[in-house]
Amino acid sequence: MTIEASSQSEQTSRIRLGMVGGGSGAFIGAVHRIAARLDDRFELVAGALSSTPEKAVQSGRELGLDPSRTYESYKDMAIREARLKDGIEAVSIVTPNHVHYEAAKEFLKRGIHVICDKPLTSNLADAKKLKKLADESDALFILTHNYTGYPMVRQAREMVANGELGTLRIVQVEYPQDWLTEAAETAGSKQAEWRTDPARSGAGGSTGDIGTHAYNLACFITGLTLQSLAADLDSFVDGRRLDDNAHVLLRFNDGVKGMLWCSQVAPGHENGLKIRVYGTKGGIEWVQADPNYLWYTPFGEPKRLMTRNGAGSHASAARVSRIPSGHPEGYLEAFATIYTEAAHAIDAKRRGVALDPAVTFPTVDDGVKGVAFVEACVASSKKNGAWVTL
Amino acid sequence: MTIEASSQSEQTSRIRLGMVGGGSGAFIGAVHRIAARLDDRFELVAGALSSTPEKAVQSGRELGLDPSRTYESYKDMAIREARLKDGIEAVSIVTPNHVHYEAAKEFLKRGIHVICDKPLTSNLADAKKLKKLADESDALFILTHNYTGYPMVRQAREMVANGELGTLRIVQVEYPQDWLTEAAETAGSKQAEWRTDPARSGAGGSTGDIGTHAYNLACFITGLTLQSLAADLDSFVDGRRLDDNAHVLLRFNDGVKGMLWCSQVAPGHENGLKIRVYGTKGGIEWVQADPNYLWYTPFGEPKRLMTRNGAGSHASAARVSRIPSGHPEGYLEAFATIYTEAAHAIDAKRRGVALDPAVTFPTVDDGVKGVAFVEACVASSKKNGAWVTL
Amino acid sequence: MTIEASSQSEQTSRIRLGMVGGGSGAFIGAVHRIAARLDDRFELVAGALSSTPEKAVQSGRELGLDPSRTYESYKDMAIREARLKDGIEAVSIVTPNHVHYEAAKEFLKRGIHVICDKPLTSNLADAKKLKKLADESDALFILTHNYTGYPMVRQAREMVANGELGTLRIVQVEYPQDWLTEAAETAGSKQAEWRTDPARSGAGGSTGDIGTHAYNLACFITGLTLQSLAADLDSFVDGRRLDDNAHVLLRFNDGVKGMLWCSQVAPGHENGLKIRVYGTKGGIEWVQADPNYLWYTPFGEPKRLMTRNGAGSHASAARVSRIPSGHPEGYLEAFATIYTEAAHAIDAKRRGVALDPAVTFPTVDDGVKGVAFVEACVASSKKNGAWVTL
Amino acid sequence: MTIEASSQSEQTSRIRLGMVGGGSGAFIGAVHRIAARLDDRFELVAGALSSTPEKAVQSGRELGLDPSRTYESYKDMAIREARLKDGIEAVSIVTPNHVHYEAAKEFLKRGIHVICDKPLTSNLADAKKLKKLADESDALFILTHNYTGYPMVRQAREMVANGELGTLRIVQVEYPQDWLTEAAETAGSKQAEWRTDPARSGAGGSTGDIGTHAYNLACFITGLTLQSLAADLDSFVDGRRLDDNAHVLLRFNDGVKGMLWCSQVAPGHENGLKIRVYGTKGGIEWVQADPNYLWYTPFGEPKRLMTRNGAGSHASAARVSRIPSGHPEGYLEAFATIYTEAAHAIDAKRRGVALDPAVTFPTVDDGVKGVAFVEACVASSKKNGAWVTL
C-alpha cells in the first residue's frame, strides 16, 4: 500500500436522515443508503419508503427502522419529524421524477435539508418553483448528480480551471446504454415502466434519465455555460412514448462547440458515460466504467494515464479519494462523496461556520439547468433540429 | 503460426503503373507505391511525380524509373504512354485535390485505368464531370478510400449485410486528429499548407481531408444512403481558411440516425478514425488505430473481441487478410488491398472475364458522394446548421 | 439502470465489532471500517486502536467510540468485552503481522469471532498454533484475503468448478507494485518500515505482503493445491532486509504448472494483481485494477469480455454484487464482501442454523498455507531455487 | 497526415534474391517474400521452393519465376546461381529447422548472403558449425528474429541503452499462443506436424518455435547476457513429443533477474509475445499484438503511452518507421525492416563502404544463443529444474 490515511476523515456526530421512496426492489434507494453510510456521516432513522402504505411499512421493517418513524406518506414524515426533538435533519428523495417537487417542498419549508435524485423535476415549471423554494429556505438542496463525485472528474475539472488544457474548443460527451433496446417497459421492468412514462418522467426519456447526467458532467468539468442546442431525438422502439436516443449539437459560451449523444438502445453499452474535452494546449478523456483513470495529452507530448491518487494526482481528486491508487474505487464511492460533501455543508450550517470552499456538490441550480436542457432538446427536435437558446 | 497460405494469391503478370504526384517528400505517394508493391500485382514504370519539372526528374531518378518515362507533366505522360506498346495500364493520381479532375481526364480518355486519391475533386462540379468521363470510359476508376481495405471493416460490412446486427438504428462515426491544433500551415508544413488552402483542397478542410473518409466508411459498412445532414463547422485556429472541426448530424434512409465528428484540433488523437453501428440485435465498434480487432456485442450477450483471421472471422475478412491472427496487419496492408482489388478488376478486364463479385473497391460514385458531403456540410453550416438534403 | 434490488440484502441486527490496531494514520484500519459498514451488518463499538496508549485513546475519540470502550491494550479489551452483556461479538485485527497471533489468541479463547488481516502470522510456528486455537474455539476465524471478495473472482472460481475451462493446465499469477522501488523505509514511510522489518513482517517481504495474496487467489480460483515450488528471491534495494521481488515456479496437484511473480520494485505497477488460468477448453484473465471485467476465451471462439452483473454473469458473482453492470464496484466493495460473508456466518452461529453453502470466506487454513508459502519461498531461494515441498 | 517523407528511403538497385523452401501453402515463405518486396530493395529471381520437385516447379511458376531458375534442390541452385553473371546475391532459407544448416552451408561457401529463418538450426552442434562457416565466409548471415524489426522494440532498446530506465533489475517476457491446445499435429496441420517433430524441429517445441523469439527479444532490448536458467517444461497434449509449455527462471549479468513463459496451449492467446523491463528509474511494456505502442513509466510519474513516430519517438524507432503515428504498421513491416537492414548491409558490402552503425539485425551469434537456450531449457527441465549455465 502506498499512501497513508484516507483523506475522507471519519467523524463522529452522524446526521439524522430520512428517505422518501427507495422501498424494496428499488435500485437507487439502496444506492443512496450505501452512499449515506459509507463515510459514516449519516444515520437513516426515518422513511416514507413507498407510495403503497403496506410496502412502506414492510420496507421500513426490512431496513430496521423504528416502526414509529416508518411513515405512509412523505408529508406525514415531514410534519412529524419536524416536530421531533431528534427529528431528521436531512431527507433523501429517491422517487420517480414527478414526485420530487411536491416532496421536496414539504421538507424545504420545514427547514429540513433535501438530497434529491436527478432530474430535478418532471417539468421546467416545477423546477423553477422548486428553485424558488430552495432559494428562500434556510435548508440546503443537494442534487445527486453522482458522477461529479468521481475523483478523476474532480481532477479533470481542476485541470481545466488551471488552464492545463489552454483555451477550450471542443466538448464530446456521450452516455449510451443498451437496456431499453427492446420494449422492457412492456416486459415487466418497473425501472423501464416509469422511465418511459411521460407522466412520471417528464418530457424526456433518455435525455432526462441520462442526458442530464452527461450535460451536467460537461458543465461541471468545463465550467462552461450552454447557450444553445440543436437536437434530433428518436424513439426507436415501437410504442415507446419518450425518446430513447438523442443526438445533440452544443454551443457553449466563448465559442466552444460540443456534441452530446445519449441512448438507451445501443447494444454493447452497459452504462457508457464518457467525456472528452479539448483545448489549445491539451485534451482529456474520462470513461465512467473505468473511473480511476484519466487520459491526458498535453499537445505535442505522449498521452499520459493519470490514476486516482497516483502520480500527478491533483488536490481536488486526492481530497475525495479514500484509498491508494491501484485499489479501484467505484460508483458507490463517488455517490458517497456527494453525500459526504452534503454532510460537510450540513455540518457547517449546524456549527454556524463558513463552508470549506473545496466542498462541491450539485445544487438546485444544476437541477433547473438539467430540466431546461431536456425541454430544449424536445423543443428543438420538434422543430426539426432548430437551434434553441437556453 | 496457425494458418496456412495467404488468401492473397501471389500472381505473375504485373500491371504496368504510372504515378502523377508523389515526388520526394510527399507522404501519400510513398504509401501508394508500397501499397502497389506489397502484393506484387503492379510495377511502377512511369511517373510525372511533381509539378516542378526538376523535382519530377529527380524523384524519378530516386525511384529508379527509366528516365525516358519520367515526365515533366501528367499530360505528356498520358499522351506518350498511351502510344507505347508496353505503356502504362493504370495510373495513380496522388496530387492535391484540385489537380485530380484534370489529370484523371487525360488518362480516362485514353483508356488508362485511374487509381485516384480522395477526395475525388476540389468541388462538386468537377466531381460530376469526372463521373461522366469515368462512366463513358472503358477504363476503371478506383478511389483510394483506403480504410475500406481493412479486413475487420470488411467483416463489419458482412455482419451488417447478414443481419447480425438486426435492423440498424444508429451510426456513430468520428475522425479526430490533432496535427493542426496550432497553425502548422504557417510554420512550414507542406502537408498543412495545401490542406488548409481552399484553392487546392476545395470548400472543406477537415471535412474534405478526413470527414470524407469517415462518411465513406459509414456508408461502406452499413450499406445505407445519407439523405440529409445538419452541420456546425468551425475554424478554431486564427487565420485558418477552412474548417478544422465539424459536428454533423446524419439522417440515413430507413430512419437510421447518426453523428459524425471530424477534427484536426483535438489533442491526443493521432489518427482517430472510429465507427460504431447499432441495430436491434447488436452493436459493433472498430477503431482504425487498432485495426485487427472488431468489438461485437450481440444484444444480451457478453461483448466479443473478434480478431482478423481469428475465431469467428468471416469470409470477406479472411479474403483480404494475409497473415494469421495475432500477427497484426496495418495501414499499408489495408491500402495494398485497395490496389489488389483494383488489380483483380484490371486483370478481369484484360482477360475479358467477369469480375469475382467478392472484389470490392470504392469508385467514382463514392467520390462524388464524398464531395457532395463536403459541400453539404459547408452549406448547412452557413445556414446555421439547417438540414441539407444530399 | 438495468437491474432491480441488490443481491446484498440489507439487514437489521448489526454485529457488535471491536478493532485491534487501525488508529489514526493507518491505511488498512480505515479500509476495514468502511468494509464493515458498507453493507450495514456491523457496528464498531470498541477498540484497542494503537499500541501507544495516547494514540489509542485519541483514535477512539476520533471514531466516536464510547471512551469506556476505548482500550489501551487488546488484552484489556478482550477481557472486559467478554464480560459485558452487550460486548463485542467479533474483533478485527489489523496490526502488523507479528501481533496477529497473540491478539487473536485472546479473543478466540473467549469465544469472540476474529476477522484478521493477512498474512496470518509472521512465522509458521505461530500460524500452526493459531490454527489449533481456532480449530478448538467455537468462534469463527476469517482471514481478509480481500481479493476473493471480488465478484469476477467468484465467477472465475465458479467457471473452473463447472469445468468451463476443461482440465486445468497452467496458472499464471503476478502481483507487481512499485512503491518500494526506492528505499521508502528509510524515508519516513511507516507502511514501508514495518513491511521491510523481519521482526514485524516475518521472513517474507513482497512474498508475505502481496505474494500471499497472489498465491491465495490462485488456489481460490482454481481449487488446486500447491505441492512444491522453486523460488528466486531478491532484495534489489540496498540495505533492504526482506525480499522485494520474487520469481516462483509452481507445481500443483494433477500436473498443473504455474508461475508467480510478486514485486514491489516494478515501476508502472500501482497494485498489479493479475491472474490467468488455462485449461483444455478455455482460458480466463482477471486484473485487479479493472475488477469488473473477466476475459474468457472458450478455445476456438472469440474472446469474451464478461462484466460484473452483466450478460453471462454467474450466480456466485451476482450474489456478491450490489449494483448493475456498468456501475463499477471496487476494492472497498470486495473487502466489504468478506465482512458480509463473515456476518452471514456469525449470524448463522447466533441463530444456531446451518450456514448457506454459498457463503465463502478465507479461513485460518488459508492463513497457514500462506505463511507456509512464504517460508517455502525463502527456503527454496536459500537453496538456490531447489524445489521445496509444501 | 502529420509527417513528411518516409525514413525508409526507396532505392533503385534491387538485390537479386533466391529462396529455399516457401512453396505453395507455406506460411512463412509468403511472409518473407512480402517482407523482401515491401521496401523495394530485393527482387526474387530464383527458388528451390520445395523438397518435392514437382511442387518446387509449380510454386516457381505461381510466383512467376523464370523456369530456368526454378530449382529442384537448393544445392543445384547454389551451384548454378554462383556461376551466373547475374546470379542471386542473397538467399532466404525458410525451411523447417533441420534443413537450415546444410542449406546455409551451400550458399555461404559460395559467398552468397544468407537470410535465414529462426531458430538457427535443430541442434547446437549444427549451430556452432554454422557459426564457424558464417564467420569464415565473406557473406553476411542474417537471422530473421523479425520482432526486433518493430519500431517500438527499437525504441525500447534505445531507452534502455540511454539509461532511461536506470539500472535494470527485472525482465518479464512471455510468448503464449493457443493453436496447439489440441493435437493439431494429428489433425492434418502441416505447420503443427513439423513443429512437434524432434527430427525436424530439434529438442525444443514451444521453446524452439517461440521461446527463442522471446529470449532474443529480451536480450535485444536489454543488451543483457543470460548467464543461467532453470526450466520446467511440459508436453500437456497427450502423445506430443516436444514441449508445448515452458516456465523458465532467468539470471542475467549484473544480477538482473527474469522470467520467461512460452506456451502453445494457452487458450485466448493468438500470438501473445509481450515484454516488460524494469529498472531503478522506470519500467516499459511492449505487446506484439499492439506493436505501435510502448508503455513507459518513469518512476513516480504517470504512465505514458508512447506511439510509433509519435511524440517522444526516439531516433532508432523513427528510422525504421514508414508512416505517421496513428497509421498502424504491423508484422509484415517489422519483418520487412529485417530485410531492409540486410539490404543496407549487403549494399555496403557491394559498394565496399562502411556500414551505417544504426543498421541492426540479428546474426548467426544470436542464432547460436537461441539454440543454446533451447538446449539449456531441455537440460534443466530434465534435471528437475536445476540451474544450467549458458
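Here the chain labels run A, B, C and D in written order, and each chain numbers its own residues starting at 1.
Criterion: a contact is a pair of C-beta atoms (placed from the backbone, for glycine too) under 8 Å apart; a residue touches a chain by one contact, two chains touch by 3 or more.
Because the structure is a prediction, the values reported are computed rather than measured.
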Original post:
Counting only C-alpha atoms to place each centre, which chain is farthest from chain C?
Top reply: B
Original post:
When A-D is set beside A-C, which has more C-beta pairs in contact?
Top reply: A-C
**OP:** Please compute the C-alpha centroid of chain C, do the same for chain D, then give the distance between them in whole Å.
**Re:** 43
Original post:
Distance from the CA centroid of chain A to that of chain C, rounded to the nearest Å?
Top reply: 33
Original post:
Quick one: chain A and chain D, Cα centre-to-centre, how many Å?
Top reply: 55
Subject >> Sequence positions of chain D contacting 2 or more other chains >> reply: 269, 296, 303, 307, 310
Original post:
Which residues, counting only chain D, touch chain B once they are in their complex?
Top reply: 1-6, 10-13, 24-28, 30-31, 33-34, 37-40, 61-64, 177, 179, 190-191, 269-272, 288-292, 307, 310, 322-333
**OP:** Mind listing the chain A positions that touch chain D in their complex?
**Re:** 296, 300-307, 310-312
Subject >> Contact set on chain B toward chain A in their complex >> reply: 165, 169-170, 172, 174, 178, 181-182, 230, 232, 234, 236, 245, 247, 249, 251, 255, 257-259, 261, 263, 265-269, 276, 278-285, 295-299, 303, 384-385, 387
